[in-house]
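Here's a structure for you.
Here the chain labels run A, B, C and D in written order, and each chain numbers its own residues starting at 1.
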């Protein structure tokens, strides 16, 4: 588990109106970039999709903010919103932590799933919520991922999961760890069905999430500078007793080491996703995929909607 | 003070040595203490039995990490009339912390894959303390696909602190390698039986635990992360590791209750290492029984059952 | 002395510069030499045409290695309205000497894979002179299997001196990586068109040449080993490389006669680099034609034809 | 292409009687081990399967010697023995080289193929002949490999190929190179058929053979100390301009780097092959493979013979 990498202030939903004076005031305060220390006006940061205009540091987004940023306006329909964690091991303090997370994040769990369109292409979407217990994976995250995959299979449409996570949720013990196997199994079926799965890795994605659904995608994208790996850097430093290389476990490092397809700046994210979805949906004339579909009918999901 | 190693047997041994000395002394001085000594022996044995029936989860952690605990090499030698170890991931290296190969088990060719710990410093260095790099998981995946091609059942042996947390391991995609094994095992078209024979540490151990049957030694543990890591991360207090071990529900009986473990293999009194032949024979019998069941299940059903078993894990409110 | 670079155009350029100077001088001195100069120009152009129709195999080798020769990046930019490069082998690294990704070609999504040479020192270092390591071949294999999953036709662009002969490349299994690509392509369930656009050097180039159609630029070469290597190994005489280039039958027309190349794409006068748009457009038309044929072939037939095409290569006495 | 790595004296067939006094005399001469320089009596070397008793250096074997060493006595039946190369490119000097190779090696080409049993297990066998033009692969080697694979598919029995080769045969140009693709294609079918292919790599295996059929096996064995790789060590040294590491490209190095399953000493070779074949033929009671076969009949080839 990675600690403290999630420590960030809450900003505001990118496309929602501010609702109270208090919120307006908070928005107005300038923000210090944690990377280059520049003081940035909240408005300017907002306009720049929460990316530092000086050093391109990508600030974390809440799940709702990210959904607003990526999907076609108003297209998101949440599914399985009510799923909520139980203290199944009777683990000291877990119930209180859950209650606090509900309050802080405004979400019922560490992932939000639903249907949406991006550039007109229908898809099923999962976005992890860093404010919810460091987006750790317990029963509910595992179950919601599986249901999202199943939903995409039912609709024969692509799947996009935006990950960030500290790993399996310790408070649910082995049941949490087994969610790695569960999500991998259901993604095995999805892969067999010949459907497209795009994984977007955001800061930070580690542990059980990185070693299961987040890396089992056809195409893997990452935001610039995101920390991505199995073991956390502190554990590694302790184990090997030496300094870690610069940029170790960052997106750009992983690209160089062959683990991801592309590092995508936030400003290019929607366009890139839209293009990838388009290249996989076979709308072009003379498409080989389309030709085959004509013989073995299984229409492109985008044809209808 | 938290105990860091399991020293109960050591203390029993010391007491017995004292009794022996007493006995020798008394016979040279022509006292007859044999009845008293016999009764003391009996008490000790009773105490041992009670003690082992009431091991705390943390004591089981220590026992599962006992340096003399039988390792994968031991079980494979005991099980297989014939055994050929196969090496390499065909990409980067041969990871010695993972053993894999083809054996004849009860007349039947099977693929066996296991994490491998050493028993002394030299072996521990050689086998990297049983902590795989990505090439270990890729060797596993390669041999799994080979088992599938040749329709060989698979037996896995789990005893590892976890995947190795190092620079090279991360550079070469530890997370990617583990996730591929999980996906491959979840749909592998042959029977798979997994055995947690010692320490089941985190996702690195889980990779070999996706199976039709999960067996577990009675003193083995299997946890989402080590109790030490959890205590220091969640409670910022390493001294509370005993409480943490209890809270995490990591013992075989806890995990059977949670529906994760299918059968517990009872260890001999004092642990698997005190009577290896008994332990190995018990495990062999259990493997034979499950193998027979699974081999006679038709393939579609086998896969559907494994899938549903995985798909159902988890509890939540809706 | 064997020529080591193709300098004919250089010399034509020099003659033309002299003519230009002559023209300028004569006009300043009020001679009228325009008719003579025109006639000379015509002679030069005729000579060029004859020259290029009669290039020796070794001259084609030099032309195929011309530093300005269009590379895979150029063709991909010309062909694709939309293009997303994909990176990495998911095991070790991203090999920049191989470019791969998804493009929209004539409205249709295709996977394009190519070796990539640079055009100046910086680019050559960046792309390792177009010589892949095993991770390049593994990226190729990954993207081939992805193309198959999503039923995208595949276009490959071949222009490489060969696989990189280095320590790391051998350590990580160059031979293994190449053989896997050969096997994967031979049975890939989508149409595959390969284009030898420049230098086709040995087994490292062959990996992308297993296809339903093999097209070849008229000045490209494709050989079992470089003529230099063959001359020095077989004849112990590097100076006889021109004869060797001829003996080896490495030109597009030789290879069409041998039944290895299916269609020759005629280059503009002077080579592909002297008129890239013409070259690219010609290739695009040819690709469109073959793609249309292959896409309308049913899958079983497609695979059977590709298999038989490979199976039949070779001549022998029985 | 590797040069000079084949330079060895011819010894004698391991199980055949000496036929002339001349041969007897030759056999009697002591031999210098090229590795440890020990002088070894020919008889002793022979008894030790052409392995130096001092340093375990494995002397090269001719194809016939290797076959005698591996298969059950008298079980070998050669196939396609008449296949023979043509000078298809009209390549200067090729015809003369072929004629010399026929004479020197006593074989028609650089591979011998046939049927045999090892430990009672029926299989199809191919053994490359280092004395034939450094066992380079031209049309005939490619064709004989393909026919051996097809023969094994027809008999539904395992395939064993013992490789050693300098690579594709330059004198057959691109037609030789394409044999890499041809043999890989036919092995693709073999793999799909679910049959066992064991590859034994012997000194030296490089170039086009190493990058095609030799490395496409289910199980890859190598003799101790064999040079195995794609590029030859001289080319590499020239390219990188530095010394190569000790043991570079040798069997033991490749084992460490994950490329082969086992390094097998010659004295253990037959036993290892026999065991591997046995573990794959499903004769044991209760075998899962056998159970499945009983339902989907496709009898084990060894059942009959």
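In this section, a contact is a pair of C-beta atoms (placed from the backbone, for glycine too) under 8 Å apart; a residue touches a chain by one contact, two chains touch by 3 or more.
Predicted model, so just to flag it, every value in this text is computed and none were measured.
The fewest steps needed to get from chain B to chain D, moving only between touching chains, is 1.
The chain with its C-alpha centre at the largest distance from the centre of chain C is B.
Separation between the centroids of chain A and chain D, computed from CA atoms only, is 52 Å. Mean C-alpha positions place chain C and chain D at a centre distance of 34 Å. Averaging C-alpha coordinates per chain places the centre of chain B 56 Å away from that of chain C.
Chain contacts: chain B has residues 90-92, 172-173, 176 touching two or more partner chains.
Counting partner chains per residue, chain D shows two or more touched chains at residues 191, 257-259.
Inter-chain contacts, as defined above, occur between A-B, A-C, B-C, B-D, C-D. On the side of chain C, the complex with chain A involves touching residues 82, 84-95, 102-104, 106-109, 135, 139, 146, 149-153, 190-191, 292, 295-296. Chain C meets chain D in the complex at residues 163-167, 169-176, 178-180, 182-183, 185-187, 202-203, 206, 209-210, 222-225, 229-230, 233-234, 247-250, 255, 258, 260, 307, 310-311, 313-318. On the side of chain C, the complex with chain B involves touching residues 90-92, 134, 138, 172-173, 176. Of all the residues in chain D, the ones that touch chain C in their complex are 1, 3, 82-86, 88-89, 91-93, 138-140, 142-143, 146, 167-182, 184-189, 191-192, 206-208, 210-216, 228-232, 235-236, 239-240, 244-245, 248-249, 257-259. Of all the residues in chain D, the ones that touch chain B in their complex are 191, 194, 196, 218-219, 255-262, 272, 275-276, 278-280, 282, 284-289, 291-292.
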